[in-house]
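The same chain A turns up in both complexes below, where it pairs with chain B and then with chain C.
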Partner chain A sequence: MTLFLQFLLTGIVTGCFLVLATIGFSFTRRVEGFLNIAHAELLGVSAFTTWGLNKLAGWHILPSAAVGIIVTAFLGLAIGRIVYDPIRRFGPAVLLITSVGVSYAIGGVIDAVIGTGIRTLDIPLATSYRFWGLRITDYQLLVVALAIVASGSLALFLNKTKTGLAIRAISVNPELAASRGIDVQKTSRATWLISSGLAGLAGVMLSVIATLSTDIAFHQILQILAVAILAGLGSLYAVILSGLIVGIAMDVSVFWIPAGYRPLIAFAVVILVLLVRPQGLAGSKSS
Partner chain B sequence: MGGMKKVLSGFTALATIASVAVPAVAQADDVTVGVLVPLTGELGEFGKIVAGSVELGVKQINEAGGTKCGMLRTVVADTAGSAEQAIREATKMIDTEGAVALLGPTSGAMVALVDLAKRKETVVMSPYAGTITLNEIGGDYIYRTVSSDLGDGEASGLWLKEKGYKKVAFLVQNEESTISPAQVAQERLKDAGIELTDYVIYNPGQPSYQAELISVLANEPDAIYLAGGQESGVTVLKEAAAGGYGGEWLLTADLAVPEVFDALDPRILNDKAYVEVAQADKSLPEYKAFEAFHKAETGAEPGPFAANSYDMAMLVALALEASDGCTGAAVNSMIRDVTEGGEKVSSFADGKAALADGKDIDYEGASGPLTLDKSGTPAGAYQIMKAVDGAWVDEKFFPASAFE
Partner chain C sequence: MIQSLLLSTLMFGALFSVLSISLNLQYARGGMINFGTVAYFAAGAYAYAIFTQEPPSGLDQYAFGFDLPWWAGFLAAGVAATLFALITGWPTLRLRGEYLALTTFAFAEVLHSFLLNERRIGNGSVGLANVERPDLSFFGLDEQIGYAVAACVLMLVTAWLFNRLLASPYGRLVDATRDDETAAEAVGKDTTRTRLQVFVISAIPIGFAGALYAMITTLVSPALFTAEITFFVWIALVLGGERTILGAIIGTMALVFFQELVRMIPFESVRSAQIAASVEEVLTGVLFIIVLRWQPWEKMKRRKGA
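Here is the complex of A and B:
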């Protein structure tokens, strides 16, 4: 039983990382109206910026992470303004394909700048805490805490601030929102900053828990898509639930079936849920 | 996704090539040899070693007057570890550059290139592709200067048995090149009556491998056999240490690089981690001569698979020298002949002189005897290295005879 609960606990942590990685992606989908495949590579930008400052420049992890997130947020904003804004009128399909190109471009630049091999941060080895026979590390606890803080902050921002309410209005009906005096450009800029900043936060956690290679960020895109699709490509709360479901399903499955099938479980869950709810966990049929 | 990414990563490759290859302007009477290696991505470190060692071999061949077909010229391309990219670059090397041999692809690329090699009659050779798939389909235009993965499994099994472990867990990356040797090592464990507590096959590219480690750590093995890449391997090592694992490790060749000690707190590895790697017998005079040449040229010790890579250039040059033609088919027709049943030679210059005297030759490589079996594979020797003070140091050598 303890072993099973350990798988469950690890699954919750995996789910929280997926929430962090997906929440910005879903936010972009909701507001900008397309699947930004380049979102995963933004995790890489943040992870390698953090690594460069921490390992090469010798900075402490906290300022390194802060700069990593800020750089990623502004890079995401720049890409939104320079690449996506001019082609927005061609519709979501063109934006999606373009985002694949952006993903290649970011990945190629990371390859060129970082080069070969593996990278890790100059941070202490994780410390394990034990309770009721279960084990969790400080970095895993950090992932859970950041997922809670990021989701909570985003929910508060969208519900309590003027810009947040404007973003919600635009995500529901851009034309109507614009006709009511909402500054679409400004709101779009805020969206890019927030979603890319969230990718930056996930990238920092990727650099903290994982071993970095130039393609590890892109490896996350399938699971991000799985979580986003399961959530219904829209609702923030559904992303949290969906991330936890996928994370727990993947890790708990290892209790019964070989670990090699773990990624398959993510998509099996998505397929099963979509058979019952084609619109996703919380999405409306129109989304 | 692979396509454009690989094109972009080619920029890095170009920069790397500039540093490892001496650019040569094609002459009408040059013979072109393609160096097809991963210069970017996780295996990039190995690709650079291979490219550099082939260049050393070519330099020595050309200093000895080149082959009867002319001086050797190399063209280098980055596969970025992708079979698709390898096929594209190989086609370009053969059709545009006129390469008679392609040296350096990794396992996946080798398997993907079998049809092309036979169709275009161009020899393809690898210094590190241990995949057992080549045991079946290699041998005609497809060769290697390293033994099959099955040998790595045998060596690992032998080591785990020698260490006297009672309980061993296996963590194996979900790739053919890691699963094949793991299966052999697992069989040897069973034969020796050692308890296999877990046999976990995991997928690489994950941020964390905690779920895979739960059962492994719960069963408290004496040692964990970790057959994984650098990215997954380092994360597993970190997470197992954080999880309180205090046993020993046997790692596979991808982790036999110094970078592992930069990526990890060396205390995780020191005095309790071993790594198994196919390696030349360093006591052989042929290896010592290569080592001295390598040090003189680069100022550094030869890296993993350097001797095997150098030997590829030698085999191609000697096969050209021994054959009647200057094509890939000519190389293919003579490559076995120069590795068995004749006067033993250990350098291109000696081989060239013996062939000029009408003698048959048997090239004894820097990586060891290169007599090729029907799949184009030599018998292997293996080194177990131990992590000591943040570096891999030789612990135990298994010559090819240990497995007879």
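Here is the complex of A and C:
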């Protein structure tokens, strides 16, 4: 029983990480209206920038992480402006396919610069806390805390601030929003900064809790897609729920079946849900 | 040197052209985004390998090996791709656009994960080696040339059949289903069935191509059938201009030629080879973005028409 609860606990941590990783992806989908496959590569950019500053340049982890996140946010903004903006008129399918090209380009650059091998950050070893026979490390707690803070502040931002409300207006009806005097350019820039910054944060977390290799981004996109489809493309609150569902389902499944099937479980959940609710957990019929 | 470059371009180019032609039918004509192309390819390759493989012995962990002649395996590959298309198409085709793309992608990942973890199918990550291949010495041909010819034949037959199919009244039904489903239904056409038919029909040649691929490489393992193949075919399709069979073939040939060319460069160290591979990846991505951004083929077509 303890073992089961331990898997459940790890599942919650995995779920929180997935929420962090998916929330930016889902945000892009909602505002810009397409699936940005390259989002996962941004996690890689942030993770390896942090690693480079921390391990190679010998910086402390905090400034390295901050620089990593900022670099990623502005890279995301630049890609959005240079690549996606000019082709928006071709529709979401072309944008989706283009983002595959972008992820090839970013992935190739990371491969060329970093090379193969497994890498870790220069940070203190994780401290384990025990309670009722369950174990959790301080880094895992950090992931949970950051997931709560990030999704909470994004929700506050979207509901309370002027820019947040403008972003929501544009995601519902861009023409109407523009005609009411909302600066579409500025709002779109804010969107790219936020969603890429969230990818950066998730990338830093990834480099803290896992070992790094250049193919991490690809493994992440599979799980991000699973969570995003499950949530129903576009809803932010459902991302939290479905991130936890996928995370827990993957980790608890290890209790009964071999661990190699973890990714399969993620997609099995997705396929089951889509067959019953084709619009996802929170999607509306119209989308 | 140049000869072997051209030969392997022709062989793999024709082979992957079968995939991009089928994808062209699904996407450009049927309006369905299939991001799980590799799954039908893998289903064909594995079916071929399992049907022609000798029964398991020694350290083998796979459960079935029927030891049948190559043509039986080839047919089995088509059947396997058809079945997999029916299984995946029937529940997913009521989804549209991105949802369909993601679900087909999910199905492909599920199949990949099964092949990797379920050792009874095909030895898990080790895969099946020494896959049987038909004896081509009968024709007095070199093996490489023989398979290049076989791939070209498969490509031409697929292209011809699809061309005939789409020129027929059925082709107009497919177009109608894509352009305006409501209107097609209003004149009494079963659009759900049409979509499923197109989906399954275009999966069959992919299965055959999988079998041919297994013959050429004489190895099937999960590592050969990753989502990269799906993306590769998509990139080829976009490079060639989306709407025509000829475009799909040219795009694939160009992309394969480019990759084979990079592979020809001799490298001093592992690191430089790795950098070259990454640069190839970056160039492919950038080329892809540029083609989608400026759509040169569409413009050319318009200029010709005007």
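Keep in mind that, in the parts below, the second predicted complex is superposed on the first by the 287 of 287 C-alpha atoms of A that agree within 3 Å, B and C clash if a C-alpha of one lies under 4 Å from a C-alpha of the other, contacts with A are read in each partner's own complex, and residues count from 1 in each chain.
Throughout what follows, a residue touches a chain if its C-beta (ideal position, glycine included) is under 8 Å from a C-beta of that chain, and two chains touch if they have at least 3 such contacts.
Just so it is clear, the model here is predicted, and its values are computed rather than measured.
J.: After the chain A overlay, clash or fit between chain B and chain C?
T.: Result for chain B and chain C: clash.
J.: Examine A:L156 and indicate which partner it touches, taking first as chain B and second as chain C; both and neither are also allowed.
T.: It touches nothing on chain B or chain C.
J.: Looking at A:P92, would you say it contacts chain B, chain C, both, or neither? Reply first, second, both or neither.
T.: In the superposed model, A:P92 contacts chain C only, not chain B.
J.: Which holds for A:F17: it touches chain B only (first), chain C only (second), both, or neither?
T.: Touch partner of A:F17: chain B, not chain C.
J.: Looking at the overlay, does A:Y104 come into contact with chain B only (first), chain C only (second), both, or neither?
T.: In the superposition, A:Y104 contacts both chain B and chain C.
J.: Quick one: classify A:A145 as touching chain B (first), chain C (second), both or neither.
T.: A:A145 sits against neither chain B nor chain C.
J.: Tell me which partner A:A210 touches in the superposition: chain B (first), chain C (second), both or neither.
T.: First partner only, chain B.
J.: Classify the contacts of A:T120 with the two partner chains as first (chain B alone), second (chain C alone), both, or neither.
T.: In the superposition, A:T120 contacts chain B only.
J.: After superposition on the shared chain, which partner residues are touched by A:I271: those of chain B (first), chain C (second), both, or neither?
T.: Touch status of A:I271: second partner only.
J.: Kindly classify A:A78 by the partners it touches after superposition: chain B alone (first), chain C alone (second), both, or neither?
T.: After superposition on chain A, A:A78 lies in contact with neither partner.
J.: Can you tell me which of the listed chain C stretches (79-87, 241-249 or 277-285) runs into chain B once everything is aligned on A?
T.: In the superposition, chain B collides with chain C along 277-285.
J.: Which parts of chain A are touched by chain B and by chain C alike?
T.: Shared contact residues on chain A: 100-101, 103-105, 107-109, 111-112, 115-116, 218, 258, 260, 263.
J.: Spell out the residues on chain B that touch chain A in their complex, using ranges where they run on.
T.: 1, 3-5, 7-9, 11-12, 15, 39-45, 47-48, 80, 174, 200-203, 205-208, 210-212, 214-215, 218, 230-235, 238-239, 241-244, 257, 259, 262-265, 268
J.: Would you pull the chain C residues touching chain A in the complex into a rising list?
T.: 33, 91-92, 94-95, 97-99, 101-103, 105-107, 109-110, 113-114, 116-117, 227, 231, 234-235, 238, 271, 274-275, 277-289, 292-293
J.: Looking at the complex, which residues from chain A come into contact with chain B?
T.: Going by the criterion above, the answer is residues 3, 6-7, 10-11, 13-14, 17, 100-101, 103-105, 107-109, 111-112, 115-120, 125-128, 135, 137, 140, 205-206, 209-216, 218-220, 250-251, 254, 258-260, 262-263.
J.: For chain A, which residues are in contact with chain C within the complex?
T.: Where chain A meets chain C, its residues are 34-35, 83, 86-87, 90, 92-94, 96-98, 100-109, 111-112, 115-116, 218, 222, 225-226, 228-229, 233, 258, 260-261, 263-264, 267-268, 270-271, 274-275, 278.
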